[in-house]
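What follows is chain A paired twice: with chain B in the first complex and chain C in the second.
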Partner chain A sequence: MDRAADTSVVTPAGGLDALIEVLRARGYQVWGAQETDGALTLGPIASASDLPRGRIEAAEAGTVRLIDGPRDAFFDHTLPMQGLKRAVYPAEERLYEVGMDMAAEEDPVEAPPLAVLGLRPCDLAALETLTAVFEDGPFVDTRFRRRREALLLIAVNCMRPAATCFCASMNTGPRAEGGFDLVLDEILEDDRHVFVVGAGSAKGREILDALSGEPAGEADLKTARAGSRACAEAQQRRMGEDVEALLKRNYEHPHWAAVAERCLSCANCTLVCPTCFCGTVEDRSSLDGAQAERWRRWDSCFSLDFSYLHGGAVRTETASRYRQWITHKLSHWHDQFGQSGCVGCGRCIAWCPVGIDITAEVAALAAAERTAGQAGKEA
Partner chain B sequence: MTTAVVAERSVHSGEGGMLPRAFEVRARRPELADCVTLEMAAVDGRPLDFAPGQFTMLYVHGVGEIAISISGDPAADATLVQTVRAVGAVSKAVCNLQEGQRIGVRGPLGTAWPVERAFGKHLMIVAGGLGLAPTRPIIYWALANRDRLKSVAIVYGTRAPDQILYAPQLLGWSNTEGLRVGITVDRAAEDWSGRVGVVTDLVPAMLRDPAETVAMVCGPEIMMRFGAQALLDAGVPAEDIHLSLERNMKCGIGWCGHCQLGPHLICRDGPVFSYPAVRDLMTVWEL
Partner chain C sequence: MTPRETKPGGSRPKLAVWKFSSCDGCQLTLLDCEDELLDIADAVEIAYFLEATRTTQPGPYDVSLVEGSISTAHEVERIQEIRRDSRILITIGACATAGGIQALRNSMDHESLKASVYPSPQFIDALDTSTPIADHVSVDYELRGCPIDKHQLVEAITALLKGRKPSIPDYSQCTECKLAGTACVMVTKGIPCLGPVTQGGCGNLCPRVGRGCYGCFGPKEGANTAALAADLAALGADRRTIRDLFGGFTAGAPAFAEERSRHDG
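Up next, the complex of A and B:
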């Protein structure tokens, strides 16, 4: 369902700075994508001029480079290296400090209001995926919840996919259907550069009201929708059908050993994945041992230590660790949290140092299964 | 249902899920050469109300935290009783704690043995090695509910006679009316007059009416696989066989991802599972 025309306004491209000012006036720090050391990162921005305007990613399996795009759009790029995960689930944080009396008190959560400008639909979906993990189970992670509630989410509908994108096949994009406070469509025609701004929440509505702009006309809304459709059609990758059952049927398929010949077990995919949530805990104690600190930090199922049980690791081989990652993401996640763990952002494809492609591995497994099935019939 | 009770309890302790409560070691009892039972009490006096099969995360100051099953009497929850084997840095530190020292406790966590399924039926506990510790709360429960059970059998296998956990208690139970205890060891010297062999061999001999039996199995994974198969072969319905599984756990509350076994998070969906829920998963290579 698209927002109704009367809730959207059209503002000139220069209105982005006005939006940032409105956010600042309401106490928000503003984060956006920016070019840092040749890569896109997500972090504090001072003005719209910090955005990677006119730049796009040339992404493929195992590589992503920023290059000049064909036009001067603010949001023709797609994804910063890491998504929103860091903002709601820090890579490392202290949970508490405790003395020998064991009277532990949890560290307070610092969660100042944070507006994120230019979030992609896949990253919005990833936030919902993480929320299901940390808030919808028997235990609620209140640290995660406080940080999430401090967020103001300003989405941008994608008009151009990177070659690694496959959100259309995961039903998470390229058009945001909800979960945002504000949503932007960037329209750049010959002599006209505007944003259609829509609200998705009361908080968003209040900010929208503070912006100057014309009510959006049907023509602009139509252009925006057509842009999203074109973006979906332009996606070069897609996740295969029936992947949830496919992976469960093939725990012991020889294909995993074939992937392991390439996989370095480096954990890059889990670090850039916006939904990988696995974590560990660590103790740090004072030199005299009187005070101890307990830290929580990201972990990865690709490390040998991850599955350590008395006597040794359960998953000793790269093959079983890759199978764990992909099967958890695309299949077991449904059992555990009622949805897929993959949002189709394609980061794991681009940032894999050897170019392992989650969509290609699923396709290869499906093809191998089909071939074996046919061979079985012929025999 | 047991699961519903557990879920409700979990929600109540959801706030501060990673924060331990302070307990004090009240008694320390060496069991085997590398095994210790601790009796602990909450510093704030609030009992840790648990169901048989549930576990806690035990935190030793500055060392770390481990998941350990509760081994005490569920009807005597003022004292938290847990038996720990010293195998890693944290379990060694737990075993070295002395009376009066403090320990952090989170829990109770996880699913419980569905003991009520045994009402009106025979109850069989099949335990291997230290696997007797997580099943002991069932035995306490069964003693309190003997009149509602047709019979109770404890089938226990361990490596050697000096590796028999809770030996004096097992002797006492074997002399208790309505309880049958069978013990077997993998190897023994000539002074052992008991049985030598694997626990699965003892299972058929001790079953009364397999179709009317509910079995709880706990021990090394390979022993549980063959133990459950022996029960099944003897005619115990698959859905009446329950196992307690173990994996690395960092949080115990469904957030860290370490304890996955296929579709299950063992801390949240287990540790106690019905055999059909895990049967196929237990034979998958490095799952």
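Up next, the complex of A and C:
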């Protein structure tokens, strides 16, 4: 039996539609990945035929192309452009409005039950990371919590990495170890296409019981585990060791200026990152002044306004903005939340217009430090 | 009636709209504010707006919207008068904020350019350069774009009526794409796009229909045009394509003008 899921059944590939029907019958809207304008997006699906079956991403630093994959699998692709973040933390939302009577009325959170099919282990880890940010401190973001609690998470263990993936080195994948309601392994052999479905929660168990299928045999579970292992081994990128300390030792380093030569400070990395949580709050008013509104939207440490304090912005140089982002993500996140802020999804690499690679920058900094250390010893 | 900001004496703030070298498209954005136009006319007294009415009132004005670039000797003098007559001066559009498409002449020989366009160039009375308003007088706020975005215009007027700072973001066009969930045209299709070096605020107009941004909002703060140009070259854009990309409606903005000149010849 699979360690992460309490019970597993095997269902034929057509069982995906049965699963979607079971979810619908329980009042869930179902979201999955789909191909839109040459990119994978996460949104409502009517049936399994909406999934990007057979398609994979040819991703590299700064490039994402959807192409036909080598086989007809539903889940050989990896990640939608933006992950689950939009569903739990909208890019823009009105928080409340206030009229002349000064009575502020908070906008209600519309959070109908939402089942997300095909979440990858890194995105599950990202949801846990965001949850720690928004809910585990003294101030709980109730808007986030209401949306998160409406989710039913159906994970898929990855069988094929994109070239930008490095979850194995962040210990977040490619096999989900928890945090899901259901988890799928897609097994596609010569003339056999099945899913091993496991439950990870009581909610998931109830749905699993409603699906028809045979109990999973040891052979299929073995195949699934072997697939995940192969996927981990096939990953071309990895995050270096000891990053947290490496960055802390190198706040001042010429490498930051070298990155800034290439960095556009366009903020794409932060806006595709599934854990970047920064937002800003803006007030709007009607022309007659009778009504005001408070809005929240995503912000980024790469904009000048982000670090604006009394008298001016603190981080005027791109070098200081890039350093702020990477040190927070990989180092200060540990101090703040007790874990890394990076889940190894590789979106920041793929969606950077000039292909700046977080793993390569860490490696370059480590190499520069080693070289300087050796030079110091020789001198 | 709802309360509104009034000046001592009970009159509404006076708004003026001025035109310099430009196509009038940005002024028209004010008339395009169909849903808000009556509210605007209610909140301010439109004291000078030749695009809308021949009736004019003398200054001083509380808010002046200035469209167009400084392109003639007469305009050099006229903007000084308008500045003196205006409490708050807002420049609107690519011409007023960057010199406009007509700033392409700044890097050319004006005499031969005139001769190549006009049969009788001796009648053309224009400066050798087209420059933004801020090169001549102090400017309180800028609205970018060709044309400007109507939501930013309404926001600027609304905020100033209430005495708060208008919310005019300085982030990149990429930020708008990602907020809207628009897939990057450069990353997914290799289409040259100025989004990463361009200030957002247009409402994500071009990338959301699969086109690259052509930079009509002008450079964002700290625009790293050299890094973007190097990447465009790596995507296969030749020198001329890159030069022309930076030579659009905001060609006169320093960051774009420099990048363009690096790809000249």
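As a convention for this text, the second predicted complex is superposed on the first by the 370 of 379 C-alpha atoms of A that agree within 3 Å, B and C clash if a C-alpha of one lies under 4 Å from a C-alpha of the other, contacts with A are read in each partner's own complex, and residues count from 1 in each chain.
By our rule, a contact is a pair of C-beta atoms (placed from the backbone, for glycine too) under 8 Å apart; a residue touches a chain by one contact, two chains touch by 3 or more.
All values reported here derive from a predicted model rather than from experimental measurement.
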**Prompt:** With both structures lined up on chain A, is it a clash or a fit for chain B and chain C?
**Reply:** fit
**Message:** Contacts for A:Ala104 in the overlay, against chain B (first) and chain C (second): which applies, first, second, both or neither?
**Reply:** first
**Request:** Have a look at where A:Arg315 lands relative to chain B and chain C in the superposition and call it first, second, both or neither.
**Result:** first
**Message:** Quick check on the superposed pair: does A:Glu252 touch chain B, chain C, both, or neither? Answer first, second, both or neither.
**Reply:** first
**Request:** After the superposition, just quote the angle formed at chain A by chain B and chain C, using C-alpha centres and rounding to the nearest 10°.
**Result:** 70
**Request:** Tell me which partner A:Arg160 touches in the superposition: chain B (first), chain C (second), both or neither.
**Result:** neither
**Asked** Which partner does A:Asp141 contact after superposing on A: first (chain B), second (chain C), both, neither?
**Response** first
**Request:** With the two complexes superposed on chain A, say which partner A:Val133 touches: chain B (first), chain C (second), both, or neither.
**Result:** first
**Message:** After the superposition on A, what does A:Trp298 contact: first (chain B), second (chain C), both or neither?
**Reply:** second
**Message:** Per the contact definition in the header, classify A:Asp283: touching chain B only (first), chain C only (second), both, or neither.
**Reply:** both
**Request:** Compute the least Cα distance separating chain B from chain C in the superposition and give it as a whole number of Å.
**Result:** 5
**Prompt:** Do chain B and chain C touch any of the same residues on chain A, and if so, which?
**Reply:** 100, 283, 285, 289, 316-317
**Complete:** The answer for chain B against chain A in the complex is residues 6-7, 10-11, 13-20, 22-23, 43, 59, 61-65, 87-88, 91, 102-104, 246-248, 250-251, 253-258, 260, 262-265, 268, 284-287
**Of all residues in chain A, those that touch chain B in their complex** = 95-96, 98-106, 133-134, 137-142, 248, 251-252, 277-281, 283, 285, 289, 292, 294, 296, 299, 301, 306-311, 314-317, 319-320, 324, 327-328, 331-332, 335-336
**Complete:** As the complex stands, chain C meets chain A at residues 2-5, 36, 39-40, 42-43, 154-155, 157-159, 161-162, 164, 167, 169-172, 174-175, 178-181, 183-184, 186-190, 193, 195-197, 210, 221-222, 224, 227-228, 230-231
**Request:** Write out the stretch or stretches of chain A touching chain C in their complex.
**Result:** 36-39, 41, 62-66, 81-82, 86, 91-92, 100, 260-268, 271-272, 282-290, 297-298, 300, 303-305, 316-318, 350-351, 353-355
